[in-house]
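Look for chain A in each of the two complexes below; its partner is chain B in the first and chain C in the second.
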Partner chain A sequence: MTVLTEKREPRTQPKTRKIRGKVHLREHLMGWFFVGPFGVVFLAFLIAPLGYALYLSLFQKKLIGGTSFVLFDNYVKAFTDPSFLSGAWFVIRFSLVSIPLQIILALAMALILDAVTTLFARFSRLMIFLPYAIPTVIGAVMWGFLYSKGFGPLTDIFGLFGATAPDFLGSNLIFYGLLNVVTWQWAGYYMIILYAALQGIDPTLYEAARMDGAGRWQVATRIKIPLIAPALILILVFSLIGTLQFFNEPQILRYLAAGTIGADFTPNMYAYQQAFSLANFNYGSAISFALGGIVFICVYAFLFFTRKRRSFL
Partner chain B sequence: MKRRQIIATVAMLAAGTGLVGCSSSDDGGSDASNCTNTITKKDLPVVTMWGWYPNTQLVVDNFNKQNNEVQVCWTNVGQGGDEYDKFQTAISAGTGAPDVIMVEADRIPTFQIQGALVDIKKYGYDAVKANYSEGAWKDVSVGDAVYGVPVDGGPMGMIYRKDIFDKYKVTPPKTWAEYEQTAQKVKDAGGPLFGDLGANVPAVLMALQIQKGATPFTFDPAQPKSIGVKLNDQASKDVLDYWGGLAKKGLVGTQDQFTPEYISGVINGNYATYISAAWAPGYLTGAGVGKGQDTGKFAVAPLPQWDPANPVQVNWGGSAFSVTKQAKKPELAAKVAYGLYADKESLTDGWTNQIIFPLNLTALKDPAFIDLKVAFFDGQQANKEVYVPAADAYQGVSYAPFGQYYLDAMTKQVSEVIKGSVTGSQAADRLQEDVAKYAKEQGFTVQ
Partner chain C sequence: MTDPTSVRAGARRPQRYLPMQILLGFLVIYFLVPFWWVIVNSSKDAPGLFGGGNTLWFTDQIDYLGNLEQLFTYDGGIYLRWILNSTLYAIAGGVGATVLSVMAGYGFAKYRFAARRFSFAVVLGALMVPATALVIPTFIMFSRLGLTNTVWAVILPSLLNPFGVYLMHVYARDAVPDELLDAARVDGAGEIRTFLQIALPLMRPAVVTVLLLSAVASWNNYFLPLAMLSDNRLFPVTVGLGLWQGIASANNSGGTSLWSLIILGSLVSVIPLVIAFFSLQRHWRGGLSVGGLR
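Right, the complex of A and B next:
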């Protein structure tokens, strides 16, 4: 840097500016040139579809009377539509239960695996992570069969004690049935993220803590958890967005329990039904955007309340 | 620097061509290059077709072999709802639909009202008119216009397990009152469930409501803007209350049908009866029912009646071939729709395997068909005893032009009945409100 400025000094001012301008222009062009490919893809595959969906959501198509511009009528309809509202309420309730559960499990496992360094720990780490490597669809199908009353293992296990097995695909227990599938699938993934964050902590801190008389429990709660808070917040945001957009698992289990899981079970499923089986792309788009709004509000509220701790975003 | 520039240029060009590659329009369904069947007469014009009969391959090959004017290119894009969703998307997109499509009769008004189907009356209807009964034509027509060629009917009957009936010493019920009494008797003797109320088969309940005298929809094509929706009349309520009551008393199961769970139940003998249509044996056989040591355990009896003095026969399912508006040569497409599954060889294969209940009179009046000793029913002459009389007495129905919404809404209400949160009558009222509201939103005047 200093060398450069020294060199430039003797030159006359206007010339420098001219050269600088040229360099700037060339750098500018080069910059755009490099950003270009990304920009084109970004515009074509993210901004354009979003814009088109927003455009669609402002119209209404009727079987009789055709398409008309209605501005925000579809949104007014969505927020007074019991199907959408009950779906939204379901995913919010589901988030409130499933996210803390998954995070606590993931955190506990990560802390244990961080503290124990035997071969068994490495094996467990892999096993806990394994469900995440199984595609969601396969996982849902698998659990669907495990829950089966006819040929699932639950009937046999409960039969040993003379009890009837709970029907996790029935309307009373479907919440817990799905909770189990989701936790099984995602807790391991969150555990790996937290574990990686724990591995990044400087071990000298533990040494210092021990010299100050901290026990293992204190090291975990006073040092480890505060230091991985950014990773915790990251996975909380991930899981919040993922859960509010709940779609795969209920959509697959619907093939086994259509009576329990209606077509409007979650907002995303409702948008899918409207767009692809009722040909109402307009209302489907509006539901998607309304859901987007809910996700945005939830995530914003969450980040607002945790703003002191976050070091990303 | 220079090399980087080159790399960047290449990268951008690559991205660019990638985009162009994506944007070049893919005709999907109307693309004749990826047929499931092999077309041997390559110089003839090709008509694309979607369908899911288990023996479609054979039917298409038979047609192509016998025809020297046009060849069929067949794709199976899924069964029932899966196909309709794809067709619906193609209709909305304005491209991607096949020329000929297999649809169930109850879906024809849904697609017709969107202008997605072609009236094929002027493309050779008169030549084949006599091959089908009037009722069969009525189910595929809207007003005077014909939107499909009937293939398969779904006259309903009561399939039952002979072994269970023998064990508990009961006879097939003739009325719905007897059905409940028999169910109670079997239950009291420690027997299995008598039947099943599946929330995912609303079409069965619709048929049973029609049997009791309900007319869910009245629709006059001359006045396409107005529709009669009557889903909570006494007959509709009675039927929902009846089945809700059976479920509540534990006489019937509440398992979704067409699921592995249900099929395993049928194989295990968990259900003494299965209220279903003539195509059910073919479906059940395909799913592995009635094989091995279960061979010959099933029999069929006529559908129980509300009033045995005035029996009413109803239909579930049944399908047809329609020509879509996206067909570039509707005349050729209509030839396929009329000719496909209408030759003796294909029809015989269809009915011997119980894949279809033929509506083509050459098969329907064929003594070999009528007298067939059905292996699934242990040699019972099921067609003669149950299905043919039921088909003959069937009157035809007006279906809704928003069938998908109606059936989804009904599934929702039936699952509420199963849950016990509403009674059958309340469910009927809610359904009426829900569907009438939807009809109004769609621009209809609801009567």
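Right, the complex of A and C next:
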């Protein structure tokens, strides 16, 4: 592997590197000197755990007979386990609703903030971004309070109109309760990334478009949005990875929404329960690995289908 | 959404668009409601919290100082410990991850070494591996090594930041000209000195961004410390408040005093990061655009 790449690499060298030979060896050494420390951490805390999870997931621990090698039995079990499947179905459903919602909201806010340049707009930008600085756990705690019957304002507000307050912690509306928490938490962050990308567009393009008779709406849809497509793909990927491994918010709201959110609500919570409450590390590892695999495949498929757009990878 | 864009030709005077600003006003209210609720309700004592009344407005009794005193003395001052733990994890994890990312990003961008392309492809692939999928196997590995329930169990895995490497790679590639580095080498500067004195200053906006992002990631982390730590004196504030919330929810009657601590505890715990973000605003905004533009 190394030999192959070594032979191929010099061709891609910038022209400025004149002297080959001696400099070459030095370049290898210095390159590895800079990349090496990260490489060690990468091997220790990414490759090793992944490999270990895969290894563990191939075994099963039984009360009688101890630990035995079972190959893919744990995966067969996971993909026929109603707990895992319902959790996986939930996060997929949740991704399909929450990701478009967050991105459309973030895009709309970024376009508005790119256009409106008053002091209040700048203030709004910061305030909308503020939830990103809040730990997801604290965000969930805060919204949990707002939802709760005892402390929250919902009972009072709906009481004014003689209506019963919706219970966002009940099993009917918990989906929307979580949707709101996640949107509140992340939309501002995505907005800032898109806003930064919009600010990077060359303004003379707008000038040219206006000369050609494009309205502002057309400038937005034909120039701004296509030009920030890489940033859109970046945040799509991030939100997809984040949502599929959903854990913090439901885990925190569990305490308040007794009975609504079970221990197998999302695959990640299920893996956590298997590993830490039931000490079933083999099955927990299998679920983790299966979930990691699903995320990887989803993201990879997504990037494959959008590759024409010159994505960030 | 009738008219969301402007043509920057008229950028000299502020673009106003009143309807857009009113819309923004509503959005700001939405994003601030939870903060407002927490600020109001951390002024109340237990009877004020549970006695009904307007939950979005203050009661006659505004007692921040008394509540703060309670918060910081409860259970032998455990809350302060959690804050200090979070600070330690955020600084150690953030600085460590940033140093590694900056070096690796620069290395990938500026040296043509053996297996470079392959390694970089692997790092990019790692962006897609969900961090929480690694927690359980890392926990089992650490427990074999006797490292669980120590600060290292939280700090060491936080050093991994593939996105930081990607960001630094893009930034170093674009913002640090090869010619400048070659000139420094011709002048007799060693590779490390060239990196520290020429490249690093040019990379500063991205360095600040990566530092802030990784410190925030460590500060906000919940799943990893929740899994790794069992001694509550090592908890970061996120896990600690989660613990309190579990206790308070479990015993509805006995937990009343704990609820007001949780509310004020949430408020106090977000203040450091909010300050960090606002004061470093000018630095991170430039770096954030990098990831999205390429």
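The rule is simple: the second predicted complex is superposed on the first by the 276 of 313 C-alpha atoms of A that agree within 3 Å, B and C clash if a C-alpha of one lies under 4 Å from a C-alpha of the other, contacts with A are read in each partner's own complex, and residues count from 1 in each chain.
Keep this in mind: contacts are C-beta pairs under 8 Å (C-beta built on N, C-alpha and C of every residue); 3 or more make two chains touch, one makes a residue touch a chain.
Note that this is a predicted model, so its numbers are computed, not measured.
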item: Touched partner set for A:281, first chain B, second chain C, both or neither; value: both
item: First, second, both or neither for A:211, with chain B first and chain C second; value: neither
item: Which superposed partner A:62 touches (first chain B, second chain C, both, neither); value: first
item: Partner chain(s) touched by A:258 [first = chain B, second = chain C, both, neither]; value: both
item: First (chain B), second (chain C), both or neither touched by A:160; value: neither
item: Partner chain(s) touched by A:273 [first = chain B, second = chain C, both, neither]; value: first
item: First, second, both or neither for A:150, with chain B first and chain C second; value: both
item: Contact breadth on chain A, by residue count: chain C or chain B; value: C
item: Partner chain in contact with A:300 - chain B first, chain C second, else both or neither; value: second
item: Residues on chain A lying within both footprints (that of chain B and that of chain C); value: 30, 33-34, 37, 41, 44, 145, 150-151, 255-256, 258, 276, 281
item: Residues of chain C that touch chain A when the two form their complex; value: 1-9, 11, 14-17, 20-21, 23-25, 27-28, 30-35, 37-38, 41, 49-50, 54-56, 99-101, 103-104, 106-108, 111-119, 122-141, 156-157, 159-160, 162, 165, 178-179, 182, 191, 195, 216, 219-220, 222-223, 227, 237-239, 241-242, 245-246, 248-250, 259, 262-263, 266, 269-270, 273-274, 276-278, 281, 285, 288-289, 291-294
item: Residues of chain B defined as touching chain A within the complex; value: 5, 8, 11-12, 15-16, 19, 81, 84-85, 88-89, 91-92, 113-114, 198-200, 224-225, 254, 256, 259-261, 264-265, 268, 270, 401-402, 404-405, 408, 411-412, 414-415, 418-419, 441-444
item: Of all residues in chain A, those that touch chain B in their complex; value: 30, 33-34, 36-37, 40-41, 44, 62-65, 145, 148-151, 171-172, 255-260, 262-264, 273, 276-279, 281
item: Complex interface listing, chain A residues touching chain C; value: 1-2, 5-6, 9-10, 12-14, 16-17, 26-35, 37-39, 41-42, 44-46, 48-50, 52-53, 56, 108-109, 111-121, 123-124, 126-139, 141-146, 150-153, 156, 184, 188, 192-194, 196-197, 199-200, 203, 206-207, 209-210, 216-217, 219-220, 224, 228, 230-231, 234-235, 237, 241, 244-245, 247-248, 251-252, 255-256, 258, 268, 271-272, 275-276, 281, 284-285, 288-289, 291-292, 295-296, 299-300, 312-313
